Amino acid sequence: MQQVRADFPILDRLVNGKRLAYLDSSATTQKPSQVIDAISDYYRVYNSNVHRGAHTLAAEATIAYEDARTKIAQFIGAGSSNEVVFTKGTTNGMNLISYGWGLNRLREGDRILLTVMEHHANVVPWQIIAKHTGAELVYLELDEDYRVDLSNLDRFVDDRLKIISVSGMSNVTGTIGPVPQLVEAARSVGALMIVDAAQSVPHLPTNVAEIGADLLVFSAHKMLGPTGIGAMWGRPEILEEMDPAEGGGEMITDVRLYESRWAPVPHKFEAGTPPIAQAVGFGAAIDYLDKLGMEAVRRHEVAITRYALDRLSEVPDLRVVGPTDLSARGGTISFELGDIHPHDVATILDQEGVAVRAGHHCAKPLMRYLEVPATARASFYVYTTEEDIDQLVTGLYRARDLFGLA
Amino acid sequence: MQQVRADFPILDRLVNGKRLAYLDSSATTQKPSQVIDAISDYYRVYNSNVHRGAHTLAAEATIAYEDARTKIAQFIGAGSSNEVVFTKGTTNGMNLISYGWGLNRLREGDRILLTVMEHHANVVPWQIIAKHTGAELVYLELDEDYRVDLSNLDRFVDDRLKIISVSGMSNVTGTIGPVPQLVEAARSVGALMIVDAAQSVPHLPTNVAEIGADLLVFSAHKMLGPTGIGAMWGRPEILEEMDPAEGGGEMITDVRLYESRWAPVPHKFEAGTPPIAQAVGFGAAIDYLDKLGMEAVRRHEVAITRYALDRLSEVPDLRVVGPTDLSARGGTISFELGDIHPHDVATILDQEGVAVRAGHHCAKPLMRYLEVPATARASFYVYTTEEDIDQLVTGLYRARDLFGLA
Amino acid sequence: MALEELYREVILDHYRHPRHKGTLSNADVHAEGLNPSCGDEFSLDLAIADGVITDVATQGQGCSISQASGSMMADAIKGKTLEEVGELAHKFRVMMSIDEGENPVDPARPGAVLGDLEALQGVRKFPVRIKCADLPWTTLADALSQAES
Amino acid sequence: MALEELYREVILDHYRHPRHKGTLSNADVHAEGLNPSCGDEFSLDLAIADGVITDVATQGQGCSISQASGSMMADAIKGKTLEEVGELAHKFRVMMSIDEGENPVDPARPGAVLGDLEALQGVRKFPVRIKCADLPWTTLADALSQAES
């Protein structure tokens, strides 16, 4: 994958006078020229609103917008592009589900099963809907190797269980979520099965037909695409049944003064002018990943994660907060370095050109569960090289020096 | 404004072998290079997630994102950038309000006052919330010159009235909404006053302090900015009181397993990774409009609208569906041409390089009220010239010929 | 020029003077079609006896292409057996589609295969308008599937 | 080099050995501060008698800058009158801000104006970290406004 770096203009940049080692891909990934140019071309050549196509530009924009939907559908193995709804991102997708499915269906005492490793995007929407409906949240915990502990699962699998929602991959520990087991559990009691795929679709080959979940949400910006757009995939029957959360233009077939009729799926979920340029950019990102091949992406990440875990294990006082087993994790490594606070680690690394994130990573329940106030996190993608990791390790030794760790 | 055209790359394009006369700015506007380049630069140079700023790129992206907020605040005369919330667009903004204000506050029998000229974005969200809460919708009608008829207003102004929401400018007739009168009515009974400013902020100088409304929503893509982003302005007390519609990361100060605390305004309304590149592009669009000056923009549009109305009045069998008084309208002209269906008009114009829209313009209640199935619509912006209008008129004569109108 | 091919006189004639306009009091099936993206509407009443469409009435609102297509369709199906109508619909679909098989229309004998409907061939050069021409036919398909059940 | 100026030994010392750590059983005011963007926390107990801060206790969790700033602040305000504390806070604010007036610190006499707190000047080169140094001081301002009312 060495050669892909040339496609990413930002990687040529110096930061604080140093080569940029961008290790913050779980927060957002960098974009190849192919994506940046697709967006500019859209605005320069055929920008128009979609689906009201009375003129040539509108027809071109609509085709490009719908082509992007088709690319995404194929990328995740969906049966039809109608199963793909454009959203603002994973968070928006999860809220579309919590409102669109939960608000009218959940009742007092119903249960929503999550895990303690969930991102706030897969916690807070359920708290809001629980408050509106009287449903309650229940959580699975982790085992010693930071995997979801399923030994208590049975306790929650009964007719009160209406929704299971789990991360395909943790953005803190890198843990791959136990999706197959939870799909089975959901099936056994007819609960809705949702995957927060913000970190899994970008990093793991994904086939929704094989997964067997009901709904899956992810963000373009975490997979080489632009900010401002994401996708929600749903099984056709589920999308059919689900209420639209938002109302407005484009999502209706008829509006009368006091009532309206919704448009067919997927349009009923896409109220208002959609993120058109962003869909075009998302499509270009999918093309790019398709060309690399998701199997190759995963292989690259396993290799780079292995290298990183090896090199980090050399650093005294460094503790990795996440699974050691490469098959159970992705390329997101949270760690602590002695008594140096993660923010100080990040500041020092930044001076060395190394971009890592420090904090709670939008996973405060997990931080409390693990009893760490914060972690530093290095996260990888297709452009990450061993040189980036070496630069990270050099920076960590510099941090040790500055803080006088022997 | 002749010289601005050079800034818009798409205007050099040929459509069906003809010079492009883009007269669909109410649907979405074209973008100057300054905006397109600001977005590319963001991705090429400092793309990063915001507000979790442990490294240089994150700090740069956060500053640019918040700078855009400040520019927007100043552009509309807001007291502070904290009064500006980034949304996905007008539709999303209206839904944030209908859920965030309406869902927990409206009661059976409460009333929401709209007008028959509203866009679906200002109708359907209220229908949804009315269904959830038992509130009811009431409508103001239009007078013979297509202005909102206020003679019945008193009938609705009582203690059942909880919300008034009106378009600052119709996207069909071009009618400027009676915002000052409705603000007064809302004040008199303590109702919430909302302006759908999707068409007014782009075209009319706007000062929220003078308007006196509570909330105002608009879209970047209708004012030279990118798709995928908009803004909601709110009076500080209102934003403080309003519930966040969406839950997720970035909108909290703390998340525990069963409850969370919201972040201060405006962040509590911005769940998840925001449209960062789009905010940067939105800021560049504001810069561009600021340089032109909104007074000059309005003057240009009045002049071009006067010219267009004059030239259209020459075309036999052409009927304008909108106010004739230039001070009561903006540069959006809906019309019918004899018995030629608007879609046929649009197709014929498209062959002549003229991009107009045809249909219900996401305003079906208005179409029913006016008893027209659809209209053709030409809409203008800073780059519109008399040459565009002449090309439109030539195309309309061609349509007459093809349909054998004598 | 493409526009002249699109707006052929026969199309404008059907648009302005739609045949079989109205409703049937003795309709066996009724179907309604809507093109949400442009708002065009078309409704269809059929009287069917012994597998033959004995009467047709249509109503609609929309562009010249959708309304002319409906009027021509009504003309073409009246008095035909359901089987013949199925064939007709198939030929029409093939004629209108850009990549689905060979155009059944014989240029040497204009009108011989699909009658007035052949005038709609010009729509093929305007891909976004094909759905206009299709609207009456998708409504017909809906009506026929009701008739079957 | 900037990093050495940021992580001065005295800062690391306060970070690792925070002064006045704990809570006061006889606190007159209590305030808590949180930096939502990074999660740093700081809480402050003050005992105040006759306009003098007679005792201070702090607790916190966060980076070296925020915690050292809190420890140094606790040292600096204990035993001072509220007026003196106000002046101190003002000087600290001016020292940390990039554009608000002249730095009160006298380079010729290190420590003479703000004591250990002067070590935090290095933070000015790291704008995103200034809010870390500020956290204890915004918490203090909150506590003092409670004390007034």
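To keep things simple, chains are lettered A, B, C and D as they appear, and every chain counts its residues starting from 1.
Going forward, a residue touches a chain if its C-beta (ideal position, glycine included) is under 8 Å from a C-beta of that chain, and two chains touch if they have at least 3 such contacts.
All values derive from a computational prediction rather than experimental measurement.
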Greatest separation from chain B - chain, by CA centre: D
Distance between chain centroids, defined by C-alpha means - chain B, chain D (Å): 47
Inter-chain centre distance, chain B versus chain C - centres from mean C-alpha coordinates, in Å: 39
Centre distance in Å when chain A and chain B are each reduced to the mean of their C-alpha atoms: 31
Residues of chain D engaged with two or more neighbouring chains: 37-38
Junction residues of chain A, two or more chains touched: 52, 54, 252, 254, 342-343, 347, 358-359, 364
Touch relationships between chains, expressed as pairs: A-B, A-C, A-D, B-C, B-D
Residue ranges of chain A in contact with chain C within the complex: 51-54, 59, 252-254, 263-264, 267
Chain A - residues contacting chain D, complex: 339-344, 347-348, 351, 358-360, 364, 373-374, 398, 402-404
Chain B residues touching chain A - in the complex, by the definition given at the top: 9-10, 13, 15-16, 20, 22, 24, 27-28, 30-31, 35-36, 39-40, 43-49, 52, 54-58, 88-92, 94-95, 98-99, 103, 116, 119-121, 123-128, 132, 137, 139, 219, 221, 226-229, 245-252, 254-260, 271-278, 342-343, 346-347, 349-350, 354-359, 361-362, 364-365, 368
Contacting residues of chain D [partner chain A, same complex]: 2-4, 6-7, 12, 16, 37-40, 61-65, 67, 126, 129, 132
Chain B partner contacts - residues on chain D that touch it in the complex: 34, 36-38, 127-128
